[in-house]
Amino acid sequence: MSFKVPSNFNELLKLIEGELSPISVDVRSSKRIYVDIKKEDIRRAAKLFLDLFEPLRGRFSTATAMDCRDHFEILYHFSFSELGLVLTVRCKVPRYKPEIDSIADLIYGASFIEREIHDLMGIKFMGHPNLRRLVLPDDWPEGVYPLRRYG
Amino acid sequence: MIDLWVVGLSIAYIVLIGLLIAPNIGLFLTWIHRKLGARMQWRIGPPIYQPWADVIKLLSKELIVPETAHRATFLLAPLLALATVILAFLIMPFVGRTPLAFVGDVIVVIYLMSMPALAAMIGGSASGNPYAAVGVQREMTLIFSYELPFIMAALVPILKARSLKFIDIINYQLGNGPLVFTISGFLAFVVMVMVMQAKLALPPFDIPEAKTEIIAGPYVEYSGPLLALFKLAHAVMLLVVACFVSNMLLGGLIVSDWSSYVVILTDLLLIAVKILVVIIIAAFIRFYNPRLRPDQAFGMFWKTITFIAALALILSFVPIPYF
Amino acid sequence: MMSGGELVIPLGPYHPAFKEPELFKLYVDGESIVNIDIRLGFQHRGIEYLAQKLTVQQVVFLVERICGICSTSHPTCFCQAVEEAMGLEVPDRARYIRTLIAELERIHSHLLWAGVALHLIGYDTLFMYFWRYREPVCELFEELTGNRQHYAMLCPGGVRRDIDLKKMRPKILKVMKEIKEAITKLADAVARDRLVRARMEGIGVLTKQDAIRYCVVGPTARGSGLKIDVRADEPYAAYKELGVDVKVMTEGDVLARTLVRVLETLESVEIIERCIDSMPNGPITAEFNEYPVADGIGKHEAPRGEDIHYVKLNGTPVPERVKIRAPTYANLPSLVPQLIGYSIADAPIILGSIDPCFSCTERVSIVDVRNGRTITLSMDEFNEFCRKRKNPLKVR
Amino acid sequence: MTKLKAVLEGFRALIKGPFTVRYPFEPSPPPETFRGAPKRDIEKCTACGACYQNCPTKAISILDLGKEVAVDVWYGKCIFCARCTEVCPEEAVKMSLTYDLSTYNKEEVRESVSMPAQRCQICGKLITSDRQVDKVIDRVKILPLPLNYHMMVSLCPECKRKQQATLLLGLRVERVPAITIPVAVSEKK
Amino acid sequence: MSGLITWARIKSPWLFHFNSGSCNNCDIELLDALTPRFDVERFGILLEGSPRHADVLVVTGIVNRQTLPRLKRIYDQMPNPKIVVALGTCATSGGIFSEGYNIAGPVDKVIPVDVYIPGCPPRPQAIIDGIVKALAKIQALRGGKR
C-alpha cells in the first residue's frame, strides 16, 4: 500500500482528494459522502478502496445505474464499517456511448451487479469476464432495456 | 412325488400369507413409524388407515413410463422388489413353521433381502434420470459397504447354532435363551440394527433417496402403481428385516407349543413385542439422526461397524457362557 | 457439453431442498464438485421498475413483498432512505417499535433457517422442533401487526400501527423466555451432536480473504471472522440506545455460520427484552407533505446481512429511482469458493448455510470468476441429454 | 450424550401431547388485530375513490352501473395491507377477521357496494355518488359561493370547465335540464 | 371400487410445491402447515419432492417469463388425475406485481387452476381450507380423468 490507512473521516476525505482527483466531493453528513469522478478513474478508485477493505472493514455494497435523460449515472456504493459511513462514487456515462470499465475482476462482488445493469440499463462494462444475460429471460428482445426511462 | 393338494396348499399359503398378511402388517408398521415420529415431533400424525389410503391411491393413478426410460426394466423393477421381499418373508418362520423351510434358508433370505436395493438400482438406471443415476451410484456403494458386516453379524447365530436353518437357530435360542443376551449376540444385534437402517434407507443412511439432495434418488421417475409397488415392497421390507433380526437374535418368532392356549397367547404377544422393539429402535435412530454424507456412511460401515461385526464373530467362538 | 468423466447434476430449478426456484448446475466428478454454474432469475419480477410507478407510500408494500422472510427489512431500509432524502426525523416510539419488529423478525428468520438447514441434512425431527418454537413468534406477529408474515408496519416517517404494550408485554416476555430455553437446548443438540458436526464442521469453508474479496455480509461474513453489522456500525432505529453485541466466529465453515445465527438469536431475545422495557411514549409517525428533489441511502441489518436501498426522489410522490440490494445478492458469489471441492451431498447444506433468499436476489447467475469458464446447459439441452437415453452411468 | 437432549424433547412431546391446533374441527379465530378481508360499511361509504387511488395493487375499482356507482374490492388481488382503512375519509373501511377466501372461481371473491350515482347533467358521464355530492354540498354550504353552485357540482369536470369558460366570456349559459339535487338532499335529511 | 378409490384419493393427497416467482411467504406458510402447529399430515397430506409422486400441484407466486415453460412441463409430468391449487394473491391474480415487464400472468393463464386461495400470505388455516376444497373437487371427479 502506497498510502497511510485513514483512521477517521477527514483523513479518508483527504486520501480520496489526493488519490482520485475527483470532480467534486459532496459531504452530506458524517455518514454519507458522494464523490464525483471521471469514468476513466473508476478502476483506480476500485483499486484504492479494495486496499481499504481489510483495515476499514469495508465492502462494495452495490451500484445504481440511473437514466438522467442526456447521460447515465452509475453510483458505486462502498460501505466502511470502521468509520460507519457509505461512500458513493458517481460516474457519468454518455448516452451515445454507454461504456465504462469493469471492476468485477478486482472486486468479485461487483460481477453480478454489472451484469444486471448491462441487462436492465444497457451499459457495457468493458473487460468484464462474462457479460452474459443475467436477469432477463433468454427470449428477451435485444436492445430493449426495461429500466431506461427516456428511450 | 408331488401331491396336487400340497401344491394347492402352497399356493394358498403364498397368497394368504404373502400377499394378504405380509403387506398389511408391513403397512401397519410404517404407520407406527409415522405416528411415533409425529408424536415425538409435537404433532398428531396420520390416522391409522393412512398407509392403505396412500397405496390404494397410488394404485389408482395413471401409469407413466417416461420417454427416457427403458420400458421393460422400468416396469419390472418394482415387481421384482415386491416379489423378492414377499418371498423372503415366506421363507422365514413367522408364528408357525414355514412349509418353505429348507437347509440354507438363512443364506437365501440374506440374498433376497438385498434384492429390493438391487431392484431400485435396476429401476433407477432404467429411468434415465440424472438424480436416479446418482441415487443408483450411492445405493451400489452403500450395498458394498453394508453387506459384509451384515453377513458377519448373521454368522454369529449361525455359528452358535451350527446350522443354516432358521428353525435350528430358533430352537437353539429356545434352549439357551435369546442370543441378544450374550455379548457377541448383542454386538451382532447392534450391527444388524445399523445395517437395517441402511437396508430400509432410513436416516442416517437414507443416502440413496436423500430427498433434499437428489429428490427421491432411484424412485424419482416412478409414479402411480409402480411407486405403490415400491412403497409396498418397502413396507414388507420393514417387516422382513424385523422378522430376520428377531429370528436370528431375539429368540425367534414362533409359537413354541400349540397345545396350550396360555403359551400361544404369550408367544403371540412376544412375537408382537419383538417386532415392535426392532421397529421402534429403527424409528428412534431414524428420527434422531441427520443423514450422513455418502463417504462418511461408507467409512462408518467399513471401519466401525465392520470392526464391531468382526469382534462379535470372534467372541462367538469363545466357549464361555454369555459370550 | 460433457468433458471427461464429469456428470452434470442440476440442483433446481425445482428442487425440494429449496423452497424457491433456482438452478445450480453442479459439475461433478464422482461425488465431488469440480465446477458450478448458477442460473438464477427465476423469480425476477422487475421490482425496481414497478417501484418507479407507485407512490412512496405504496412502494413500501411493494418492497415488503420482495421477500417474505425478511419482510420488514426492505421496508425499513426503504423508509430510512426516504427519510434521509426528506430530512425526516422519526419519533422515538416509532424507532423502538421498528427495532422490536426487526428483532422479532430476526428470531423468526433464524429459527426458520435452522429448521431448514437441518432438514437439508435430513434431520427432520429437529426441523420440526425449531419450527414448533418459531410458531409462537408468528402468532405474536399476528397479534402485534395483524398478519403472520408481511407485517405492513412501516411507513415513511414512522410506523403505521401502535403497539398496545400493556397487553402485549407479558405475552412477548413469555415467548422470549420460551425461545431462550428452547434455543439453548436445541443448539446443544445441534452443535454437540457428532453426526451433525460431521455434516457441518469443516464444510464449505470461506476464508476471511475470500470473504473480503467477495464482499459478503451478515452471518456469512461474521462466520468468517469479519466483524460487520450495520446495527453496531451505523446504528439506526433504536440500536444506539439498546446496544448490540456482534457475534463473530472465525472458522468460516457451515458450523460457524450456524453458531453465529444461534448466538444472534439469543442476542435478539435480549435486545427485545431491553426494548420493551425502555419503550418511550409519544407519537408514532412524523408528518410530511412535501416531496423534495433529493436522494438517500437506507441500510438495515436484515437476518441475512446488510440490506441497502438507494432512493432518488424527483419532487413528486413517485420516486425517480429505487435501487435495492438484498443481502443474498452479495453472498451468492461466495458460493463458488465454498462449493468447489466438496461432495454433492454437501451442496444443499452449503447453499443453505448462506441462508439464500432468492426472491430477494431475484436475478443472477454465477461465473467461476477465477478462470472465467462457464458452461451453460439449458434445461432443454439437459432434457436432450436425458432423452438420448445415454445413461449417465455409462458415460463414465 | 447430547443426543439425549433431543430424545428427551421427544419424550416431552409424547407426554405433553401434540402442539397441533385441531383446526377444521374446532375454530381457530385470528386475534382482534388481524388484517383480514377489508369490509366496507355500506352506510358510510361515499364512493369518493380515495381507497381506489391509494390501493397499491389496484384491487379496488369504481364501477359505473348506470344509475348506480359501485365500489368493488377484489380479494383475489388484495394484499391486505390496510392502506384503504388509513386513507378512507369516512372511516368506512375496516379490516375484518375473515381469512378463508379460498374459492373455485376467483372472480367470485369480491365485495361490491353500490349506491345511487351522480351523473353529469349535460353529458351524462359518471361523476361520483349521490352521497359524495351531498357531502360536498354539506361541507361548502357555509361558504359564500356563486348561486349556480348546485348546478356546477352536478357537472363533470369537462363540462364544468366549458361552463365556466362560457360564463367568463359572458355568453349564455347552456340550460341544465333539471336541477334535482337540492331536493334530493332535503329528502334524505 | 370407485368409492374406495375416491376415498383413498381424498385421504392421501400428496402435494408438489412449485414456486413460480413468489416472495416466499406463501411457501413458508405452506411449509408451516406441515409443521407441528398445523400438521396437515393428519389429513394424509405430504409434501413430495418429485412431481411424479404428487396429486396436487400447489403453485405460489406470479408466473414470470422464466418459469413459464417449467410450470407447463411440471404440470405435464404429473400423473392424472391432478388438481392445481393457486396459493396466494400473486398466484391468483398477480397482486402487486401484475404490471411488471417480466411477468407472464397469473397461474390460470398457463395451466387450469381448480382452487384459488387468496391471501398475502394466507393463514395456514386458510391453506387447509383451500386444500379441503380441492379434495371436495376430487370427490366430484369420482375417479374419472380430467
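As written, the chain order gives the labels A, B, C, D and E, with residue 1 at the start of each chain.
The criterion applied here is as follows: a contact is a pair of C-beta atoms (placed from the backbone, for glycine too) under 8 Å apart; a residue touches a chain by one contact, two chains touch by 3 or more.
Here the structure is a predicted model, which is why all the values come from computation and not from measurement.
A.B. asks: Quick check on the contact network: minimum steps from chain A to chain B?
C.D. replies: So the least number of steps between the two chains is 2.
A.B. asks: Spelling it out: a chain qualifies if it touches chain C and also touches chain D; which chains qualify?
C.D. replies: Chains touching both chain C and chain D: B, E.
A.B. asks: Where the centre of all protein Cα atoms falls, which chain's Cα centre is nearest to that point?
C.D. replies: The most central chain here turns out to be C.
A.B. asks: Which chain's C-alpha centroid is most distant from that of chain E?
C.D. replies: With centres defined by C-alpha atoms, farthest from chain E sits A.
A.B. asks: Name whichever of A-E and D-E has more C-beta pairs touching across its two chains.
C.D. replies: The comparison resolves to D-E.
A.B. asks: Please identify the chain with the largest separation between its CA centroid and the CA centroid of chain D.
C.D. replies: Result for the farthest chain: B.
A.B. asks: From the C-alpha centre of chain B to that of chain C, how far is it in Å?
C.D. replies: 43
A.B. asks: If you average the CA atoms of chain A and of chain C, how far apart do the two points sit, in angstrom?
C.D. replies: 24
A.B. asks: Check each residue of chain A and list the ones that touch at least two other chains.
C.D. replies: Correct list: 135-137, 146.
A.B. asks: Where does chain D touch two or more other chains at once, residue-wise?
C.D. replies: Expected reply: 3, 6, 10, 18-20, 30, 56, 79-81.
A.B. asks: Could you pull out the residues of chain B that touch at least 2 other chains?
C.D. replies: 38, 40-45, 211-212, 215, 287-288
A.B. asks: Looking at the whole structure, which two-chain pairs count as touching?
C.D. replies: A-C, A-E, B-C, B-D, B-E, C-D, C-E, D-E
A.B. asks: Name, in rising order, each residue of chain A that touches chain E in their complex.
C.D. replies: Against chain E, chain A makes touches at 135-137, 139-140, 146.
A.B. asks: What residues of chain B sit close enough to touch chain C in their complex?
C.D. replies: Per the touch definition, chain B meets chain C at residues 37, 40-43, 67-68, 70, 125, 128-131, 133-134, 136-137, 203-204, 206-207, 210-215, 287-296.
A.B. asks: In the complex, go through chain E and note every residue touching chain C.
C.D. replies: My answer: residues 17-29, 31-32, 35-37, 47, 49, 51, 61-62, 64, 66-67, 69-70, 74, 95-97, 99-103, 120-121, 123.
A.B. asks: Using the touch definition up top, name the residues of chain C that touch chain B in the complex.
C.D. replies: Residues 7-10, 15-17, 31, 118-125, 128-129, 132, 193, 195-196, 198-199, 343-348, 386-387, 389, 391-393.
A.B. asks: What part of chain E is in contact with chain D in the complex they form?
C.D. replies: Residue positions touching the partner: 36-39, 42, 86, 89, 92-96, 98, 108, 113-120, 122-123, 125-126, 128-130, 132-133, 137.
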